[in-house]
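Shared between the two complexes below is subunit A, which pairs with subunit B and subunit C, respectively.
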Partner chain A sequence: MTAPTPHHFIALIEDACTSCLICVQECPTWCISLDSHHEEVSEPGARRPRTVSVLDDFRIDYGLCMYCGICVDLCPFDALEWRPRVGYQAEGRDDLVHDIARLDGGTSDG
Partner chain B sequence: MTEIAWLRLAADPGVRVGSLPLACCALEVESAVRQGALRAETAADGHPRETVLLVAGTVTAPLAPLVRMVVDQAPAGTRVVAFGACATSGGPYWDAPSVRPGADAAGAAGVPIDVYVPGCPPPPEALVAAITGREVAP
Partner chain C sequence: MIADDMLEVAVAEWAEAAREARDGGLPFLELLTVVDRGDELDVVARMSDASGRLSLGLMTRVAADAPRIESLAAVLPAASWHEREVAEMFGVVFDGHPDPRPLLLRGTAGAPPLRRGTPLAVRLERAWPGEVEPASRRRSRQQLPPGVRPEWLPGGSA
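What follows is the complex of A and B.
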């Protein structure tokens, strides 16, 4: 029997995320949610100010997540990736909801 | 006590493990048995030091009272593990009218959960980690 492979977790590369919501829409269990706002960017010489999305928060509810990886596959900007994960379990249901601070680390401590 | 198949933790037979096999997560419990982490209880095992109940699968509205009954009949101090996404939150069926959004969902027949094990399904070693309280190495 081969050695068991622990689940990985899905990490967010915050700088790459454009808040496009594709992951949120395509997740089969609706376990991803994000908050963003728009900011106007004026560049010298531009005919009009441009608008960019700025990510405020990004949450994955690991209590719902099926670890299917559809979000990782579909992200057009490679802002989500698999990383080895140390912890699985939680004593509180809310502890399974990882916000942007917990999704952005090198490895998750659970 | 309602008849459920009692298991023992192979590494520590003082830990008695009961599985409520409600859906496919029960196969992961079986897998832990096949891998040797859990084994069937025998008459020689004696009184358990610790009891762990696994809610392994989807808790539907008709089954919720049964889950409640098994948990109520368990010895005091029994730890209840929500094993997998369904028992934790309803999993992929969380918005289905007949599925309770987790074994601990508020309302009738919700049971208090001590440890939530995410995953659809969680691997057997996550099960052992939840029973022993030790996290899995990366």
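What follows is the complex of A and C.
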């Protein structure tokens, strides 16, 4: 058995996210929000274009998050996972909202 | 360690039960709080001995619409802050409390915030992020956002 991953930081694996909104809707503290849009993808050989959802932004407000991990547990595509990280110091309230660039799964401070 | 030991007493015997526990070798008040059961509130206290290995839970029930109970502050001075917190958070009146000022909240206007029936204002003011439907898929099942109770909504059942 491996040691449990410390519950420090929730990383988003952008490519795995389908914008299904399950994490957003199940979050007890309403700390997650996301934006996405639809795109039609034409694949060679396909009879008609396929509609896919494209993630535009994903935000976690660490001023509200209570690290319960429900989002990590419920994500059907394993697009959220715990990563060890420290460095949550923020200059202001708004700085605690981590957008898609800051949820990229970096393991260093920042 | 008798952590599961919970003694239920009548409201009238609340302070006397605490006095008996104190004099019977459990002089430390570890906890005093309330559990909202709907029609009734459970007032719960836990007392322990000097080692912390022996403890006893005391519990009594008060009516939720006019919760009133004797203060333990005369028996256990440590109860004073706990009771001030319970008073402001759950609206329980402690008879004979030496200093009934709010402990944490500024002012006492509005419904007691930790009672289940008290709407959480921020949940009604803020738009639920889950309402955004970027995939233009409407869920067939109408669901309430987490943290919102049906009776808070206009026309909701009480």
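Everything below uses one rule, namely that the second predicted complex is superposed on the first by the 98 of 110 C-alpha atoms of A that agree within 3 Å, B and C clash if a C-alpha of one lies under 4 Å from a C-alpha of the other, contacts with A are read in each partner's own complex, and residues count from 1 in each chain.
In the analysis below, a residue touches a chain if its C-beta (ideal position, glycine included) is under 8 Å from a C-beta of that chain, and two chains touch if they have at least 3 such contacts.
These figures come from a predicted structure and were not determined experimentally.
Undergrad: Just checking: does A:Q89 make contact with subunit B only, subunit C only, both, or neither of them? Give me first, second, both or neither.
TA: first
Undergrad: I'd like to know which partner A:I32 touches here: subunit B for first, subunit C for second, both or neither.
TA: second
Undergrad: Can A:M66 be said to touch subunit B (first), subunit C (second), both, or neither?
TA: first
Undergrad: Based on the superposed arrangement, let me know which partner A:S53 touches: subunit B (first), subunit C (second), both, or neither?
TA: Only subunit C; A:S53 stays clear of subunit B.
Undergrad: If you tally the residues of subunit A touched by each partner, is the higher count for subunit B or for subunit C?
TA: When the residues of subunit A touched by each partner are counted, B comes out ahead.
Undergrad: Thinking of the overlay built on chain A, is A:S19 touched by subunit B (first), by subunit C (second), by both, or by neither?
TA: Touch partner of A:S19: subunit C, not subunit B.
Undergrad: Enumerate the residues of subunit A that count as touching subunit B in its complex and touching subunit C in the other.
TA: In subunit A, positions 28-30 sit in both the subunit B and subunit C interfaces.
Undergrad: Please name which positions on subunit B make contact with subunit A in the complex.
TA: Listed in rising order, the residues are 35, 85, 88-92, 94-95, 102, 104, 113-120, 122-126, 129-130, 135-138.
Undergrad: Flag every residue of subunit C that touches subunit A in the complex, lowest number first.
TA: 123, 126, 128-130, 132-136, 143, 145-147
Undergrad: List the residues on subunit A that touch subunit B in their complex, please.
TA: Listed in rising order, the residues are 1, 4-7, 28-30, 61-68, 84-93, 95-96, 107, 110.
Undergrad: Taking the complex as given, what residues does subunit A use to touch subunit C?
TA: 19-21, 24-30, 32-38, 53
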